[in-house]
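Two complexes, one shared chain (chain A), two partners (chain B, chain C).
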Partner chain A sequence: MNVLATGGRTSLWVSLGAVVLAVGAYLSLAVGVVPIPLSDMLSPDERQWMLLSQVRIPRLVAVLLSGAALAVAGLIMQRVTQNSFVSPSTSGTVEAAVLGILVATLLVPGISLLGKMVVAIVVAVAGTMIFLQLLQRIRHRDPIVVALVGLMYGGVLSAITVFIAYQRDLLQLLEIWTTGSFSAVMSGQYEPLYAVLAVGVLGYVFADRFTVVGMGREFATNLGVSYLRILYTALIILSVMTAVVVVVVGAIPFLGLIVPNVVSMFMGDHVRRTLPVTALAGAGFVLLCDVIGRTVRFPYEIPVATIAGVLGAGVFVWLILRAARRPGATR
Partner chain B sequence: MIDIKSVSHSYFDGAPKVLDDVAIDFPPGQVTALVGANGAGKSTLLSAMSRLLVPGSGQVLLDGVDVTKAAPTVVAKRMAVLRQDNRISARLSVVDLVRFGRFPYSSGRLRPECHEIVERALEYVDMTPMRDCFLDELSGGQRQRAFIAMVLAQDTDYILLDEPLNNLDMRHAAAIMQLLRRAADDLGRTVILVLHDINVAASYCDRIVAMRDGRVVIDGSPDEVMRAEVLSEVFGMQIPVHRVSGQLLAMHWAPLPAPALQAV
Partner chain C sequence: MTAVSDRASEILGLHPATGTSVTERERLRSIRRTAVILGLLCAGFAAAYLLWDVKGSWSYALDLRSRQLASLVVVGAAVGASSLVFQTIAGSRILTPGVMGFDSLYVLIQTVIVSVLGPSALQLMGVPERFILNTALLAGFGLLLFRWLFRAHSRNLFVLVLVGIVVGSFFTSLATFASRMLSPDDYLTLQTVLFASFTTVDVQLLGVTAAVAVLGMAALVPLLRRLDVVDLGKDAATGLGLDYHRIVTITLVVVTVLVATSTALVGPMLFLGLLVANLARQIVPTHRHTVLVPVAGAVGVLATVGGQFLVTHVFALNTTLSVVVNLVGGLYFLYLLLKAVRL
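What follows is the complex of A and B.
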């Protein structure tokens, strides 16, 4: 009997998460070369307000939106592919988005952020579609094998990207998109991130269909859900979310893999119920990584991607060991 | 009525036909068993009937409409299907799974009467005490009952089941068969199921359709099918049939004539 599935416990977890998120948000606003104490937070002087409105609040918003978006993108990908070991950052979506940004930068020098975003989205959708095509052709349905195919596919895509960047002497630029960091986020250049909100709402609208598709093609067909149509809807939604985040802040490893898995452990895989919690947890995780990254080498910063990589790898190993102890639980 | 019009299918070019020009119809209100040896084409036929598989040629009409061309939700409200191999990776609770049986009607927003139907379906398969368990915490038989409850919650005129008694103990197997029988008798439902055990088919079904090598070899009442020469043609083995307490019994576990009992 799983008591966590009941409504009361779920809302307890959500409220607990919200408190943690609030504390993290305060820290995110307060920590920095110019510390802002809690007493000043509600009535900041002009200099403090300048700092808050131009840098710290945009940064906080960007952290929350990117964390939520990448976690939800991972959740949707895992559900519709019925595989807990795939995620946009380990199955080619992120790599395709980076390739898209590079191509856009090369073909249209000085292209706007929005222009880059459009190209990144198109290439990310195409890249993810190729992965899904691969997936449907693989005889071997073992989840680990599928995840490995995803990793290799992502590796091939990023090899192409690195090759092009190397030829054009753009390797350093590549670093910016592959290593997510919020240090450059400020008012006036992070706003395209708000697009993930709209896409997230769309994902929520389709949540029950994603759950049905996650039960497999035959169950979906029986319930009158067009399997392929929903699969491709999911693909577009998760690719857009991923590409937007990669363009604005860069890739954050493991997030899309571990956050949905941990939420699923407690709450199961009913997407309409887990999606809001996954979004909150993803936001909280990135917030935590960002605050850690800003404090451990103060006053310098460690990119959020590095912190997320270290923390995420640990959680990931734990998830794998746990899955190995309980065969069948991951299938 | 489900009307199968000369359906043929092979899984790839040049492969032997798993369905070879099958033409058969299923009028409403009956319980029909599909029987036959492994590879006879029973499951493929069931998949073709329920649009899980588009046959190479021929068509399946549900009340005159091609099932592959009708609106998916319209078909889902009239016909429910449960396949044999039901491994789903999603961790859902039993009650959530059964609620998804209402998806064709509700698109996820369940009305009060939906909840009632869901609770009744859980009750029917004796799964109410386990309603909040996750599927991966259940035994094979319990999971099978949860899936059957989902199909019942779909509340369709046609119920198609592929070996629904797999994994079930005797008590629950008998209960499911009685439930399906009642669904046909009291509610006028049409039940078509693939069964392995010819004796279960004979005691609960109105009609037995026997297949071999992708073809229907016999289609008749239990009395017409439960004969040694017919069973030998269908299954390729000698099976003595006896009448025990008024019930025809194919002794497939003892393929030698049993002298103590009078052969039919």
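What follows is the complex of A and C.
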């Protein structure tokens, strides 16, 4: 009975989220230097269709896919580590991916997008593994401490990246990778992002096993789950999602941390149940940031990373203070 | 309680076990030796910075380099002294103004002023007026930030540090946002007005910041002995008859003024203060601020002048000091954190 009720509420949340997102997405297509009236949207003339199909729709798809990917990557990382204050955006995965792109660009000049992506994924996996090793060595797995270690670890990685970029005069390129923006997205350029869909489905299939792995090695093994294999699966899924987004649009700060936390506030920690809503909420958050970025200084654009940095840091501070007020949550 | 009484007797100059000051004399001698070595090192690096590998016109090189040297000295001394004092009033070695987001707040205030007044009004306003306006606002908002953070969450050090770092990143994003709100033309003007380039130091700005830094440090002098008592903790200090609240507030104002001087000259240096203040506490075995603060200032000068000299001339790296400081400081912070957590 109880299970049925929660199940019903979940599908209610999913459909509500989907409807809100769909309406928002539809409205966002009208935003731009060339106005397209909503009434024309369903029967655009040739010029309008050109604009929609080449620029606006690709941009919308890129926004939704990257938001969903980063949020789900954060959710998976939080479940696997049983820690709500880690995420690829705040624990070094993004920074490792950026380092990977830089190394790829330096070692193989003129490397293809796919090549960059592969190197970024490999370095992101390695960088995240080092962070997980670091976590193992912290006895008090207090979320606040772990968040701090993650931020500092990411800071050190990005300091190394800046150091290398400075030596080779690549600071401007670095700025592009670290400041996510959808202004350059158009048809023929964003398609690699579809990879996150496939990986996301994989993540959904493995969702329950991630929860089990989060309970610890002995517990997982007792339940007949191959601990290491599932842990590495999670690691690869979240690294692929993060690295692909970073390569195509650049980094979007805090997203992977705050969205899963806010969703779990309403829906609890059941991964399989929260994953679709988390994906929707992540997509919605990035869509909101992108529309704000496109309208607030019209006709100029403010990168989505800047908006997400302001909103995300604000929400993160609120989450920290909320966690700190809960008795027993922190030492 | 024994720790407090140990520290109290140490401040009074007594050895806790015997009550005599035999070891104290040895300690003083070692402090004096350290001070001399530090002074010599600072002077040596300063001379090297001025004279190393001069090519072409000597007068041009000396003029430029002495300006750079002067601003390095101001930054180093201000960051060292302010960070050490801040650690004391915050009651932790991990907390420095840089870590708590004060530098980023300065940049944010600077950007907002430009956005509000507009670049044209800004050019009418002289460098000193602008700096003083920025600094006054920083002192006000810095006090609010400090009060807010420490009132609600004084129990947990890690919460404070995490909130400080995220708030710092929030300020940085807001500053970026504010500067993006300007039209591209204004944005370019702002860039040149806002960030004092370190290679071509503005003489006017250098003069103002140096004067303010000296004033700030002079204001610290009468506070130093009281800070020894503040170091014992709020309850012990109040019990000893100190007006804890007042001392902390005054110290904090001085700290924000010193932060403003260094940030105006080189921009935020997140971890410089952390490195310098902890290094100073390592090399002089005392809790007396009359010794600690000058040593921290000297270590700061050594770090900026020596660091800049090594980075640009000896290793000939195509990088800035702040990149190196971020790298080394980040690693050191991680080390401090992991050490604190394992206890």
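FYI, the second predicted complex is superposed on the first by the 320 of 331 C-alpha atoms of A that agree within 3 Å, B and C clash if a C-alpha of one lies under 4 Å from a C-alpha of the other, contacts with A are read in each partner's own complex, and residues count from 1 in each chain.
Heads up, the rule we're going with is that contacts are C-beta pairs under 8 Å (C-beta built on N, C-alpha and C of every residue); 3 or more make two chains touch, one makes a residue touch a chain.
What you see is a predicted model, and the numbers here were worked out from it, not measured in a lab.
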Which superposed partner A:H270 touches (first chain B, second chain C, both, neither): first
For A:Y166, using the defined touch cut-off, is the partner it touches chain B, chain C, both, or neither? Pick first, second, both or neither. second
I'd like to know which partner A:N83 touches here: chain B for first, chain C for second, both or neither. first
Contacts for A:I320 in the overlay, against chain B (first) and chain C (second): which applies, first, second, both or neither? second
Which partner does A:I144 reach: the first (chain B), the second (chain C), both, or neither? second
Applying the touch criterion given at the start, work out whether A:R297 contacts chain B, chain C, both or neither, answering first, second, both or neither. second
Does the superposition put A:D40 against chain B (first), chain C (second), both, or neither? neither
First, second, both or neither for A:V310, with chain B first and chain C second: second
Output the chain A positions appearing in both contact lists, the one against chain B and the one against chain C. 330-331
In their shared complex, chain C is touched by residues of chain A numbered 134, 137-140, 142, 144-145, 147-149, 151-153, 155-156, 159-160, 162-163, 166-167, 169, 253, 296-297, 300, 302-303, 306-307, 309-310, 313-314, 316-317, 320-321, 324, 330-331
Interface with chain A, chain B side, in the complex: residues 50-52, 71-77, 80-83, 87-93, 96, 100-101, 103-104, 107-108, 132-134, 136-137, 154
Chain C residues touching chain A - in the complex, by the definition given at the top: 152-153, 156, 158-159, 161-163, 165-167, 169-170, 172-174, 176-177, 180-181, 183-184, 317-320, 323-324, 326-327, 330-331, 333-334, 337-338, 341-342
Residue numbers of chain A touching chain B in their complex, please. 1-3, 5-6, 79, 82-84, 143, 207-209, 211-212, 214-219, 221-226, 264, 268-270, 272, 328-331
